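Each chain gets a letter, A, B, C and D, in the order it is written, and its residues are counted from 1.
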Amino acid sequence: MPWDRNQMAARAAEELEDGMYVNLGIGIPTLVANYVGDKDITLQSENGMLGMGPFPYEGEEDPDLINAGKQTITELNRTSYFDSATSFGMIRGGKIAAAILGAMEVAENGDLANWMIPGKLIKGMGGAMDLVAGVEKVVVVMDHTNKAGDAKLLKACTLPLTGTGVVDRIITDLGVFDVVEGGLKIVETAPEVTEDEVRAKTEATIV
Amino acid sequence: MPWDRNQMAARAAEELEDGMYVNLGIGIPTLVANYVGDKDITLQSENGMLGMGPFPYEGEEDPDLINAGKQTITELNRTSYFDSATSFGMIRGGKIAAAILGAMEVAENGDLANWMIPGKLIKGMGGAMDLVAGVEKVVVVMDHTNKAGDAKLLKACTLPLTGTGVVDRIITDLGVFDVVEGGLKIVETAPEVTEDEVRAKTEATIV
Amino acid sequence: MKKVFATADEALDGILHDGMLIAAGGFGLCGIPELLIDALVKSGVKDLTVASNNAGVDGFGLGKLLETKQIKKMMSSYVGENAEFMRQYLAGELELEFNPQGTLAERMRAGGSGIAGFYTKTGYGTQIGEGKEVKVFPTGPQGQPEHYILEEGIFADLAIVKAWKADDTGNLVFRKTARNFNPPAAMCGKICVVEVEEIVPRGTLDPDHIHLPGIFVHRIIQGEHEKRIEKVTTRSREDA
Amino acid sequence: MKKVFATADEALDGILHDGMLIAAGGFGLCGIPELLIDALVKSGVKDLTVASNNAGVDGFGLGKLLETKQIKKMMSSYVGENAEFMRQYLAGELELEFNPQGTLAERMRAGGSGIAGFYTKTGYGTQIGEGKEVKVFPTGPQGQPEHYILEEGIFADLAIVKAWKADDTGNLVFRKTARNFNPPAAMCGKICVVEVEEIVPRGTLDPDHIHLPGIFVHRIIQGEHEKRIEKVTTRSREDA
């Protein structure tokens, strides 16, 4: 049985260790915050905050306090604020231990595409290019295939890249995969998901 | 009669206009602060302060509050503190309207030497290279000749340079000089100092 | 040198010209210079290039300047919230230069700090790196070579910025994540105009806690801000 | 992740090795990490390269590490206050790489910010520019070409820093001009050890007014500081 969104987020949370500073992307990665448990994790929001707290209670939204997904949030007793230049200084400078991001495509060499579909969807890379270039460990959380059932783990990305050779680990609804020499390595599969099923739905070389 | 140190500083203060942010070097330039009168001048200290106040009263020295010459100083109601990277950001970025600096030698093309005498005196350039590269108007205040009576306004500097073509105006004990096409132009002379005397004590071309 | 002006119109008077490059602070709709944007709409200045992380939303923030077609080109990292933007871009009516978010912030800081260019790994091997100079530095964990691309400082004709408080010398304090791009945008403007919620007397801001010193600020106005929230997201009290 | 250590010796335990590159905060004797310098002397670590604006004075600050000859090379902008420094340098016992003060600060910030190199006008046409890449950018007032030199980021093995206050997550606040080189030095260290006058409970530092977020800080100690003044300069009350 493939993992649902929350199960994928919970699995991604296992990647995080005590004391880590972590950046979570928009979408499923945002849910990871719900599963860190007792671990001492500090969340960075690249618009200028370390120590991101949960969503505010109704009526307590502050327009001056949002995350990188533009959602209202709250602060914690460890929080600090800073400007965007400093924020990306720490990102590029390798101070963030892990980034958990969504993706449109990942290639077997770790190339990542998650910022545009030419002629169709133009959103922009936001902070993703800086994150993948600077952060120590890049974990991608994504559906294993698109809605048409086509593979999103490819031999080579077809969409414009966000970064080259930057992805370390991929968590999909079907399992967990590491980018290694020669292709992707299956670390584990979701319950009742077989390696054959994974191979059938993956274009990338599985080693 | 040549100007004394205080008269040179007073003359240099005339270069400053209302609203200017100004950096004063060590030595005679520091004295310029005593002569700004009612003009709304904000002094920058490149170790990380805008709005430098006077020396503290005895017993009120604060080890955390010094100027770039390492002297104890005070703050004003306009003061802000910042780190060295930001401080030199504003210097290189052209935000400082004027710098008043000392010099060992100035050449007729505006070259400045004020940071070392090879094999003899090794102090370092401190912030001077950044100041002359970034500040809009660079005014040098210096003795016209050295103790041996040799010219310090030269055709070309003999000492290692602080910057090339950076000096706009020079104030010496003998007068005020602008760096112009072809050499130095006498703007004014100290009382009873003749143009002949200036020419005799100057190696640089006077146009 | 009086820096305080009565209105946004007056604060922009005499410093606008068609084709100018404007750096704008703000992230999404948070910390955006709403009053100065309205004044730009009113001024009718056109053919603008605007460096701003986002382009507002339809009908608010920089979205207003897109509707009036006063913007010729945007330099941004993310424009996903703005349908009119997408329409103009796909129709070829608007130029768009994508900048990774950190590159955009650093380019602004660089321009304001006398740094003409800098080398970043961000964007190497992607569209963003195409046509840009590549240089190798031995910055890997054991000194291995890594690839960097050259990005240039942004030197804007005008910066428009929103802060929380200012004193009359232009010292600024920002509030929470509304700081974002405002300090780097302010730094890179030849002229920097700032709107604040409150102008306070000199000496009431702690000099240790001024986020942007007044030297970067040329004109200031105080005004009422709508501070629209883009995505109200809450938890219910029962979750607690 | 416990960041708070009991003593400077413990805070440096296991992270020192001969030949390492250390970035140190402070300007003159203001805001220098005096306790960590003492611990470095005690450790006996040697062949150090130290990036620091100054080299202390004879017998205090980095001057202590010069006396014990633990420093092989200094990267500094100004060393005029230190006779032992001058003696070792003129005798060829010590290497010295002069960096313009702003270049040194920016090199530290760059290294800590993933910027491998940057172009500055500072030092072009001087000894400092010799052997460095020159590039022309059209940054003059009317787009005229201007010359810049390439300076590289400093990536230090260790940063030693003095702050005023910290919380136990490493968020730092500095006081007045004792801030100076401390934030950029902290940023460029693979490991950053900080000494403070006071460790305060979480939540007591205003999150809007933290000068350096804890992410840059790995180890913290609290201790008594001598805070020696280099040049006591006063005015008499009669002048008032």
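The working rule: a contact is a pair of C-beta atoms (placed from the backbone, for glycine too) under 8 Å apart; a residue touches a chain by one contact, two chains touch by 3 or more.
What you are looking at is a predicted structure, and each value in this text was computed from that prediction instead of being measured.
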Per Cα centroids, the chain farthest from chain D: A
B-D compared against B-C, more contacting pairs: B-D
Centroid spacing, where centroids are CA-atom means, of chain A and chain B in whole angstrom: 54
Length of the line joining the C-alpha centres of chain B and chain D, rounded to whole Å: 26
Separation of chain A from chain D, taking each centre as the mean of its C-alpha atoms, in whole Å: 35
Where chain D touches two or more other chains at once, by residue number: 106, 109, 113-115, 120-122, 174-176, 179, 207-208
Shared-contact residues (touching 2 or more other chains) in chain A: 75, 81-82, 88-89, 91-92, 133-134
Chain contact topology (line, ring, star, complete or other): other
Full enumeration of touching chain pairs: A-C, A-D, B-C, B-D, C-D
Chain D - residues contacting chain C, complex: 106, 110, 113-122, 135, 137, 139, 146, 148, 152-153, 155, 173-176, 179, 206-209
Of all residues in chain B, those that touch chain D in their complex: 45-49, 54-67, 69-73, 75, 81-85, 87-89, 91-92, 119, 122-130, 133-134, 160-165
Residues of chain D that touch chain B when the two form their complex: 27-31, 53, 76-81, 86, 89-90, 96, 98, 100-106, 108-109, 120-128, 164, 174-184, 211, 227-237, 240
Residue ranges of chain B touching chain C (in the complex, touch as defined): 18-19, 21, 40, 42, 44, 50-51, 75, 77-82, 86, 88-96, 133-134
Touching residues (chain side chain D, partner chain A) in the complex: 1, 109, 111-115, 167, 169, 171, 187, 202-203, 207-208, 210, 213-216
